[in-house]
Structure formats: structure tokens, C-alpha cells
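Mind looking over this structure? Questions follow.
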């Protein structure tokens, strides 16, 4: 096993262990996501057409908000006692370090989605059976895009003042394509009737993920160190 | 002659508009032990970070084993202990060491051995670092840098919070290595060093090593 | 050189104004208000140019680590954001009387808004970091990623809008030769304006740097 891969796996395991140990952090984020879900439902008349059309958007806004909070924490942990310095000085390509952090965030954001979704289903009276696979693909590809951009930007925001705000400001405009695609596809997936149109949104997600993953792996070198 | 382990050529470091280091030229060979001392804010830690390849100079160049490509080899043989201990407060002492060991392919047994060597085996190793005293944290940090048996050690005030007995032990461990030591505790650092440099106002000056440490400096601090 | 260009800029701008307000005939349907078009388009062109320069010098900065290129990049970003703001202001001013709406979620408009957000984020990131090489590096990283993102945003917005009825399909106009001339003059004048603003801003930053270097220097 290459030493880079080994390091990436060690970082991933360590992050998951710490998340699991400090459950309150993750639970607070989850709770925040659920609050957002709820608040948005109050913005619409429950029986209105607008709500019927905007369901998917509400879900994804909740996920996007909760994700940023999660992302914020992953590098705070590294810089609290400058453990990041020890990572930066490893004799491996920094891309591996990015990969480790990225996979940890991917797991957490996917978990957030998995936990928010049931409540979303209950509130909006959804049944997801026949299009389960489309939905899973959308969630995974979106989680990929969000955590890729998010991991990179969280590492960057770490050296700024007001890092929480800075991360949101950087992340949302850049990830707008991902969120639009996710909303469009989810809308299709929960409709259950009618043809699935707009497969091109999946392509867009794939393209976005591929481009930003490649860019992040190359560019992470500049983000580490001082 | 072998190329120097690290060579700094005309290195400047400027933070925004604050020049911290100016026109530094410094190089050292294997087995040399350098002491960097000087008043607070003179740029010692910044200089050490540049030597560690953690920080890049604003201008000038840093060569490892005579070239820019020596970086990976250098990093695999180097241990850096900075101002902070670089540990995870919510991992136990043992988990911390095993994690840092894994990053460099060090087997878990060796990590546990190091816990013992720094006197943190037993119940202490199972406690979260958050609840460690400053001295325990520093000892664990020492174990973290020694873990992969580095040839080169870069240490920034490593004796902080350590008791005399451990300082002695630590000094023995690093005796045979290549060391760059930043400290204001000249009484501890001077005997360890083979060359000494005074860092002042962002510049360095080599101090002759004859005899004991410069008393006026001791008096200053 | 700066002074020379400045001397050139005054007649150029005056001439652009003359072309836009006097030479070009009023548009048949939109009337006089359409004249804002010359400045709207020019400002849009200018900020595209500015953001491209930002991208370019961000790459160069990362490759060389020379602070001068960060000054290029950040100056260009500031100018770009100012003109993007102008585009976002002049757009609705034009749209309200003509389309009877301030704003429409047309792909171009929406992309432009997001573009503006991205580059404001760039400036905010900079504003929130202490001066250091790290700041320049991170800004360059963001400058590059932001630019990569723009075509993806445009694509996604275009698809997004095809789902809903598109209010305005095209703003295409058959331009009168005088109108075309006015447009090109405005474009040229604005490009010159950009060059001058860049030179001024970069000179200013250099001075600022030297002064604080002397004041804060050891």
C-alpha cells in the first residue's frame, strides 16, 4: 500500500472517530438542518402549489446549510493545536491529505442527507420506491460536489478571520450549479409519475464533480503550509 | 563534500509589509547541531518554519540536499516540533501517537514504545490529551516527532514545561542527530549545540562557540 | 505612460459619449433609454476582461510566487467587481422601461449575478486575511476556481431557465451602422479606461506597500 494512501486512510479514520466522539457537534448540525427544513415549510401554505413545486429545494437548502457547519468543524480540529502542520510536513503528495479529509466530509454529509431525508419524506408525505436509485445517485453526486469544494474552501477559510462566514460566502456561489442540479433531479425523483426528463442534470453533476475534484487535488498543495 | 541538508539562499520573509527575515544565508551539514537564539519577535520561529519547509520564503530559495527536489526525502527524515504541540485534544495520548505513526507507516507497537519512553504509558495514555498537563502534552509532542526516528530534528522551544529529568533524557536522544534548536533557555541549549546563531531584527549572526554561553544574553533573559 | 494614457482617455470618453448620445440614432422601439446599452455592454466586457486577467495572474502568481502578480490579480478583481456592479445597476435601469420589469431570471442576468457574488467573495476572502504570502496564495486559488466555475454556472442556469417560460428570448437587435460604431467606440474607451485604472491602482498599491514598509520596517 502506498504511503500516501495509508496516510489518507489514517486521516479519514481519525476524523470519523473524532466526529463520533464529539457527537454533539454533528447532532447540532443535524438539528440545525431539520430546523431549516421546518422553517421553510412555514414559509408556504402547506397545500399550495408553490410548496408542491419547491419541496426538493427545501430539502437541499437544509442540507446545504447543515453541510457548511460540518465542513467548518473539520479544519478547526486541525488548526486548534496546529496538527495541520504535522500533516503538511508529511513526505506524501498533499493530494492524499486532501483525499483523507474529503472522504471524511463526504461520509458526514451523506449521513446528514440520510438523516434529514426521512423527516423530509414524512413532512411532505412522499413515497420513494421506484426512483430510489435516481435519488441515491443524486444524493451521492451532490455530496461529492459539496464536500470536495467544501473541504478545499474550509482549509482556506481556516486562515481567515470570521472563517465561518467566509466559508459560506465562498462556497455557495461556487456550488450553485450543484444545488440547482440536485433540486431539479430530486424534483423528478419524488414525482413518481411521468417520464424522467433532464438526464443532462446528472451529466452536469458529474462534470462539476470531476472538474472540482481534479482541481482540488492539484491545488491543495498551495493551501497547506504558510 | 556532501551537499548541505538545508541551504537558505538570500531568504526574505515579509508578512504583508512587516519584514520578518532579511537576506538570510544559512546552511548546515548532517550531524550539525544549530542553536538559534535571540530576543522575542526576532524571527526565530519564522526562520525555523522556513527551514522546516512549512513556510515558503517571500523571496530567495531553500534547497534540500542541494536541490529543490530533495523535499520529499527531507520531509521523510525530518521531525518538526513547533510552538504548538500539534496534537488532537479529543484523542487519547495513545490514539494520537498511533495516528501520527500511521501517517508515516510506523507500526503501532513502536508508537506504544514511545509512549513508555516519554513516561506516558498506563492510564495516562488512555486519557484524552485535553486533560493533560502542559508538561505531559509536551512530552507526548516529543514522542510524536521522534516516532519515525528522524535524522533531522527542528525544535522550537522544546524544553518548555519539561522537567529537568526529561530535558536530560531528551537531550540524549537528539545528541546523535542533526538538530536545529530554537530556544531562549541558553543554559539548556548551549551545551547541545555545535554552532550557535543569534537572530536579531530578522538577521542572523554566527556566535563563536568557544567556552560557555554568552553570559550577557543569559542576563538579558 | 500613465499620464499619456490619461490624456488620451479624456477625448476618448468624450467621443464615446458623443457617439452614444448624439451620433447613434434612438432605437425604434426602446427609444432614448436604449442609449444606456453602450455603457452597459462596455462595462460587461470590461469586467469579463478584468476577471480573465485576474485568473491569468492568479495562475502566474501560484507558479512564480512573485507578489507583483498578486497586485495585478487583486487590482483587476477590484476593478472587475466595480464594473460588474455597474452592469447590475445599468441593467435594471434599462430593463424597467423596456421590459417593464427590473429583473428577470434570464440566464445571462442570473449568471452575471452569480459571477458578481463569486468575485465579491474573492474580495471578502482577501479582506478577512492578514497580509502574508498565504493570503496571496489562497486568493489566487479562489481566483482560479471562481473562473473555472463560471462556464458551469452559465450552463446550469441556461438549463434551469428552459424549464420555466423564458420571458425574454433574445435581446438581439439589428444594429444601425452608427449604433455599431458607437458601441465599438464605447468598448475601446472602456478598455482604455481599464488599462488606466489598473495602472493607477497598481501604482497606488505599490506606493502603499513601500510606505508601510518604511513605517513598519525594522
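As written, the chains take the letters A, B and C, and residue 1 is the first residue of each chain.
Here, contacts are C-beta pairs under 8 Å (C-beta built on N, C-alpha and C of every residue); 3 or more make two chains touch, one makes a residue touch a chain.
Since the structure is predicted, the reported quantities are computational estimates derived from the model, not experimental observations.
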Average the C-alpha coordinates of each chain, average all protein C-alpha coordinates together, and give the chain whose average is closest to the overall one. A
From chain A, the most remote chain by mean C-alpha position: B
More contacting C-beta pairs: A-C or B-C? The answer is A-C
Indicate the whole-number Å distance between the mean C-alpha point of chain A and the mean C-alpha point of chain B. 38
For chain A paired with chain C, centre-to-centre distance based on mean C-alpha positions, whole Å: 31
Using mean CA coordinates as chain centres, what's the chain B-chain C distance in Å? 48
Would you pick out the residues of chain C that each touch at least 2 other chains? 130, 132-133, 135
Residues touching two or more other chains, restricted to chain B: which are they? 55-56
Shared-interface residues of chain A (touching two or more other chains) are 225-226
Using the touch definition up top, name the residues of chain C that touch chain B in the complex. 65, 67, 130-133, 135, 209, 212-213, 216-218
For the complex, give me every residue of chain B touching chain C. 14-19, 22, 55-56, 58, 201-202
Chain C contact footprint on chain A (complex, rising order): 149, 152-153, 156-157, 159-163, 166, 169-170, 172-174, 176-177, 180-181, 184, 198, 200-201, 204, 207-208, 211-212, 215, 219, 222-223, 225-226
Sites on chain B touched by chain A in the complex: 49, 52-56, 72-76, 78, 80, 82-91, 95, 99-100, 102-105, 144
Spell out the part of chain C that touches chain A in their complex, as residue ranges. 62, 114, 117-118, 120-121, 124-125, 128-130, 132-135, 137-138, 140-142, 144-146, 148-149, 152-153, 155-157, 159-160, 163
